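What follows are several structures.
The same subunit A turns up in both complexes below, where it pairs with subunit B and then with subunit C.
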Partner chain A sequence: MIGIYLLNLLLALLLAPLLLGIINRVKAWIAGRHGKPLLQTYYDLAKLCQKSEVISPTCGLFFRLAPALQLTVAVAALALLPLGGQASPLRFTGDFLLAAYLLGLGRFALILAALDTGSSFEGMGASREATFSALAEPIFFLAISVLTSLHLDLGQTQDQAFSLSLLFGGQSAGAWLSGKYELLLLPVVFFLLLLVENCRIPVDDPTTHLELTMIHEVMILDHSGPNLALILYAQALKLWFFASLVAGLLVPDLGLASSLLWIAVIFLVACAIGLVEASMARLPLKRVTTFLGGAGAMAALVLIFSQMR
Partner chain B sequence: MTESFSFAWHTPLALADLPVYQGENFTAELAQKLSQGLRLIALTALEPHAAPTPLLAVLAADQEKRLTAFVSKPLERLPSLALRFPQCQLFERELSEDYGLIFSDHPWPKPVRKTPDSGIQRGKRYPFFRTEGRQVHEVAVGPVHAGIIEPGHFRFQCFGENVLHLEIALGYQHRGCEKLLLKAKAHQRLPLLECVAGDTSIGHALAHAQLMERLEDLTCSERAWHLRTLALELERLANHIGDLGAIAGDTGFLPSSAWNGRIRGDVLTMTAMLTGNRFGRGHLAIGGVNNDLDAALCAELSERLEKARRDALGSVKVMLKSESVLERLRGTGALSLDQAKALGLVGVCARACGLARDARLTSPLTPSPNFAPALAQSGDVLARVLVREQEMRASFAMVEDDLCALEEDESREPGAEHGKEMPPHTLALAQVEGFRGEIVHLAVTGEDQHFQVYKVIDPSFRNWPGLALALRDNQISDFPLCNKSFNLSYCGHDL
Partner chain C sequence: MTMSLFLTALGLFAAFALLVTIPALLRPSKQSAHLANLLGLVGTLSGSLTGLCALFLTPVASQASFQAPFGLPFGSFTLVLDGLSRLFLFPVFGLGLFCAIQGFLSLRHERPSQHNLGSHWLFYLLLLLGLGLVLSARDIVLFLVAWEIMSLAPFFLIDFNDGDSRVRDASWVYLVAAHLGAVALLAFFVLFWQLTGATAWQAVQKLTLSESSRSLLFLLALLGFGAKAGLAPMHIWLPEAHPAAPSHVSALLSGAMINAGLYGIIRTVSLLTCNGRPPEWWGWLILAAGLCTALMGILKALAQSNVKRLLAYSSVENMGIMTMGLGCALIGQSLGNGWMAIAGLCACLMHMLNHACFKGLLFLAAGEVLHATGTVNMAQLGGLAKKMPFLAACFAVGCAAIACLPPFNGFAGELVLALALLDGSSLAATEHQLLLLLSFAALCAISGLALALYAKAYGLVFLGQPRSGFAENVPQKSWQHFWPISVLALGCLLMGLLAAFVFSLTCESVSSLWPLQTLTGYAKAKASLLDSLTKAGAIFVFLLAATLAVYGLRKRVLHKRGIRFMPTWACGYQGGNARIQYTDASFSEPLARILGPLMGQNVSQSQDKAIFPQSGQLLVKAPDRLRRKVYGPLFSGIETLCNALKIFQHGKIHLYILYILVTVVGLLIWGLV
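Moving on, here comes the complex of A and B:
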């Protein structure tokens, strides 16, 4: 079993940069352009790894450490998920807290690194990133608590119901397949969280060149070379992490076949991101809170519906 | 010295005929005219050397379609009108920068084209406005930008995400165009003016051609006029389409952004088919144009125009039907009608505030009785988008009319003619509605067929302060969008 899990983890580590390629292709296709090659992110990573780095003299040690830290926590968080529907060998009761705060730690590192540069742009980006992720966090936990209460009702022990491996391991999909259709709102909630956490349209515009409007991109303006590659790769892994949350709720437990379905769903999520980005403008920064509120309301609704039964 | 001295915009005027005022009276007369609702067209020195120098003021009464002008005795120091009439402030600063005139009590005595990092300011910090306080922070952007645009420095005083004040420092593109024009030989002036603002080549060239024809008493053939307005409206189309796409791009709305980029290229290709250059360089000549169209080319252009019209209208429709785009545009960077009037804005920015200012209406190049300027009321980014959309439609129709007229017209070769010599000591003006707004060229002739003064006023010069004001109490993240919706020229301002 561990072998299959490791295989899934390896696939995640290998395929994650492909997600960005898929998103770009879908966007280009809708706009009637050819678009970048599907494998462009891999080329970019390879190119950046060969480059030397420019580091501003105002930057301290943290600026250099942050990218490596961010990648480490992204891999660690990913390894807590039941990838491909296989329970993680690292699972434990309450591991969702660790996963959430590992990602939080990565973000914290990046924010500190951004402030370290002393640039007013990066400070602004850091402030925005901190605000939006602080607002997204309660919604993430609310959605998780809906799932735990569901599994407690279904007769799981407390030990199991507080682990990502159960919540996203196929049993949740079993629950909506057996008639609890309100649970289908949860993948939507996680998809909206994905858009916020990964700085995609309508929250942030990853393709813009306008520093004043950026959130995530402006924080990494000063990074270059291999360190930028680490950040890019960590970003791709984070995207895979959130897409996995959606897949974990949609794919039922089918043994080995569910691994393939997981990856298919993750690619579909990438297509969905591409469709959203191609058909929507970005929200004014002030309205992002409304967007997050909508996601929170949806999660609360699922909780109410599932408790009413 | 008549109280209500005025003249029609197309007649040159001997300097000697203008009313002359002594020092203080000049300012009083200017203030009186401005408080009557007249608009300052130009305020410039009459001698190309340092103060004391006589000043010339030209004002427009847009309703009556008349201009008024008066001059002063040589002056060194005079009271500033900037506080009462903000539209004067840049002209006054320009005069004190170029001629050393002293405007007492000027509220904002800063350079216009001397950049913050220029050697001229050595030893002295550029006097940027600063807001002090906890949580107030300063963001400096430029002169090197992330996009492929011109250089300019923007300094924001922010409280969190809110902009308290934006200061714009320009001058990085200063090439000394006006001085070059005084030295240039007659045949060098047109190519020089085509480079004043590259995206308005036709607009500035047309203004110069007009001015020269008024001075040399030349009349153009009707065919030449069709070929001129055709090029002018194609320039407007290309830029409006490009701007609408760029605004869509800034909101992150990809479809219209991608399509408009392509359609703008199609319109530039049409300009190239007409003039041999995508930006219409070399098309204008004094007394005519350098290129003509035959019937076959007219037909092909009509066909391409129809395609471009369908695509452009469709693309803009998709954008304006998208709720998420509207959400971003509505209420962003709003200016009121009063602000627009006070600052003396022109062009798209003025019309978006409901100010019916359009040189095609007030000083038409050709008789166009049915022309009505495109207006919007809200003064925000959305209003500027809507004005551009209406003007785009109107320009498509005008280009089509010109092409039809050219196809039916049998005459050929509307080439350049030679006019009389320029009369000495004469003031002449040309106002042309470029795609950004009213372009003003003002010339005073000296002896020997030379100019004593040649003043180029790009609409950007009047509109930059509008952008700074529009940003007040807006979010700093909305600046790029506001900036795109104004789309002002840096080199047109810097000259």
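Moving on, here comes the complex of A and C:
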């Protein structure tokens, strides 16, 4: 079983940059353009890895260390998920908290790296990133708490139910298949959180050219070479992480077939991101709160519905 | 053995407190100041080390007691060390030690004509003595005496820079708040005495109290001890006292003294519930109080620009989180849920130990920033990591730990508390489930905001470029100045990696105190939380190793290619300087836009209206609204009332004698009728 899990993890690590390519291709297709090659992110990563770095003399240790930390926490968070429906060998009671806080650690380091440069633009990005992710945090955990209470109700013990491997391992999909349709709102909540946490349209525009309107991209303006490659790759892994959350809720437990279905759902999520990006404009910053509030209200609604049953 | 070591520690504090009165009474000179500093340090070191020996040499759950052959008026001199007392004594002795060393290092440079170091160390030692007695006293008279020593000593410690009127004001606020709390405690103990007829703590165990008197005792204790712990709305002394006090004192007050309030609440509740389950509303009340305190604390902290005031509000927040743990434990106990009970209680105590470690670190580090630059205003700092890299690294560890980020100790407490609250969904009633799950989400929101807060605090103080001359002309300082802080930083990391050990320590220490073992789910909670923390610790080790490996690989690759240094990219703008950097107000602006009314931020802007504007001013402030809008009017009302009553108090002796005569005659008539 561990072998299959490791295979899934390897696939995640290999295929994650492809997601960015898919998103771009879908956007280009809808806009009637040809678009970048599907493997563009891989070319970018390879090119960046061969380069040297340009660093500002203002920067200190955090600027140099943050990308490495960003990568390791993304891999660790991914390894806590039941990839492909297989329980993670690292699972333990409360591992969802570790996964979320590991991503938080990466964000903390990246915010400090941005402040390390002493640039007003990067400070601006850091401040926005800190704000929106702080607001997204309770929504994520509210959605998780719906799942934990569902599994406690289904008769699981606490040490089983408080683990990502059970919550996203196929049993949740079994629950909505057996008639708890309110749970189908949860993948939507996680998809909205994906858009926030990965700085996609309508929260942030990764391809915008005006620094004043950016959130994530403006934080990493000064990074270059291998460090930028690390950040780019970690970002792709984070996207895979959040897409896996959606997949974990939608794919029922089918043994080996669910591994294939997982990857299919993850690619579908990438297509959905592309569709959203092609059909929507970026929201004004003031409206992002409303967007987050909507996601929070949805999570609270599912919680109330499923507890009232 | 334990008890004799503990008594020796208290004796050493008392003896050195007496000894430092000699240099305190001498004429201020360089020698007397040096002597006082040395005596204070030696006294604290010897006492704290003896105390730590007493705590470490025997298992935490073992009990030791001592009764002096002489009594106090109305009471007896009884000291007992049990698990709970020991657990709360760890921060007292540990932080007492490191704060004293850091204080010694920084007080060396004070001018003897300005400060009387002898009296400073006298009250420092008295504070430690008072704390030691409070945490071990088992007689209510002795407890009250010790409480009073512990409450009075900080007044003189906070008032160190008494030349500044704001410092004097802050210490008065502290004194008033401490004594308003003491009024509730006095009422609590009088009622206790009346109900039990004895002064021993344990007397209450033999009685079966009625529901209403139990609840009255509980409410009085919550008020009295809550004022010390800084529960909202009784927190207002913290943000005044901590910025005013010298930093090693703030660290000790925040890391060890406010815990005494929590200790009081836990002790009272455990005594009142030893004969049965607590009423359910106790737990809900404590949980709500903790949640409100934590939310208010973090939101106010986000609006601050003074680092020490920010840390003070953050202490309020952390005290709220601990209280949430206790509330969850009580709910679990009253509804028979062992998982919630043990996890909540352990989370409360683990967070207490963790908070002592990282808050001590942060206050001491903030103090060093103050020493080096002369200010702790974030708008004037920046770039200190280059001048003091060692201090910066320690502060970064403290920030990550207090923002509950792995692999540091804050995360362990957060994990246990989150799992305790999350088990609320296995309760029977839907409204209970919803309330607990919502407070779980609120807890996560609090730590998300804490991440933003501490990213700001560290980033603006230590990173970027110096924002003013204060931060620019700082001498390079090596590790010799900061090593006590680094020990605390190491403690944060080790307590994170070995969190399983800390968890079992807290679990054992309360096992004799609280009859939780009989509840369903107790054993499973203990086993699976222990397992979680062990696994998380192992993952942390791999994570650290992997990060260092990736970093090392990048460094090796770049070593061959060479790094080019170019100024920070300012999007094409060439004339950038340090003043265009983000400030504390601009960093929290997006949050203030959303939560501004809750944060209580006042923004005042004045702009030159001319076509070519010359100057402008933007002021962002966040004063404590409770103090301004509630306590201020309340106390000025009382003052007006007292002034009105002055017509009776005029200093004319013959009229005073007339009052006495009238009273006597009145009493006589009352006696006859």
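Structural remarks
Quick note on the criterion: the second predicted complex is superposed on the first by the 309 of 309 C-alpha atoms of A that agree within 3 Å, B and C clash if a C-alpha of one lies under 4 Å from a C-alpha of the other, contacts with A are read in each partner's own complex, and residues count from 1 in each chain.
Here is the rule we use: a contact is a pair of C-beta atoms (placed from the backbone, for glycine too) under 8 Å apart; a residue touches a chain by one contact, two chains touch by 3 or more.
Just so it is clear, the structure is predicted and the values come from calculations on it, not from any experiment.
Applying the stated contact rule after C-alpha superposition, one finds that A:L275 touches neither subunit B nor subunit C. Contacts of A:E211 after superposition: both subunit B and subunit C are touched. Looking at the shared chain after the overlay, A:P202 reaches subunit B, while subunit C stays out of its contact range.
Applying the stated contact rule after C-alpha superposition, one finds that A:I30 touches subunit B and leaves subunit C untouched. In the superposed model, A:S120 lies in contact with both subunit B and subunit C. Judged by the touch definition given at the top, the superposed model places A:P138 against subunit C, while subunit B stays out of reach. Of the two partner chains placed around the shared chain by superposition, neither subunit B nor subunit C is touched by A:I4. Between subunit B and subunit C, it is C that contacts the larger number of residues in subunit A. Of the two partner chains placed around the shared chain by superposition, subunit B and subunit C are both touched by A:K286. Comparing the two interfaces of subunit A, the one with subunit B and the one with subunit C have residues 120-121, 123-124, 211, 285-286 in common. The residues of subunit C lying in touch with subunit A in their complex are 339, 382-383, 385-386, 389, 392-393, 396, 400, 403-406, 411, 414-415, 418-419, 422-423, 425-426, 430, 433-434, 437-438, 440-442, 444-445, 447-449, 451-452, 454-456, 458-460, 463-465, 521, 524-525, 528-529, 531-532, 535-536, 539, 542-543, 546-547, 550-551, 554-555, 557-558, 561-571, 576, 578, 580-582, 586-591, 593-594. Those residues of subunit B lying in contact with subunit A across their complex are 137-141, 146-147, 161, 248, 250-255, 257-259, 322, 324-325, 327-328, 332, 475-481. Looking at the complex, you find that subunit A touches subunit B at residues 27, 30-33, 120-121, 123-124, 201-202, 205, 207-213, 277-287. The residues of subunit A lying in touch with subunit C in their complex are 51-62, 64-65, 67-69, 71-73, 75-76, 90, 92-95, 97-98, 101-102, 104-105, 107-108, 111-112, 114-124, 126-128, 130-142, 145, 148-149, 152-153, 157-159, 162, 211, 221-222, 225-227, 230, 285-286, 289, 303-304, 307-308.
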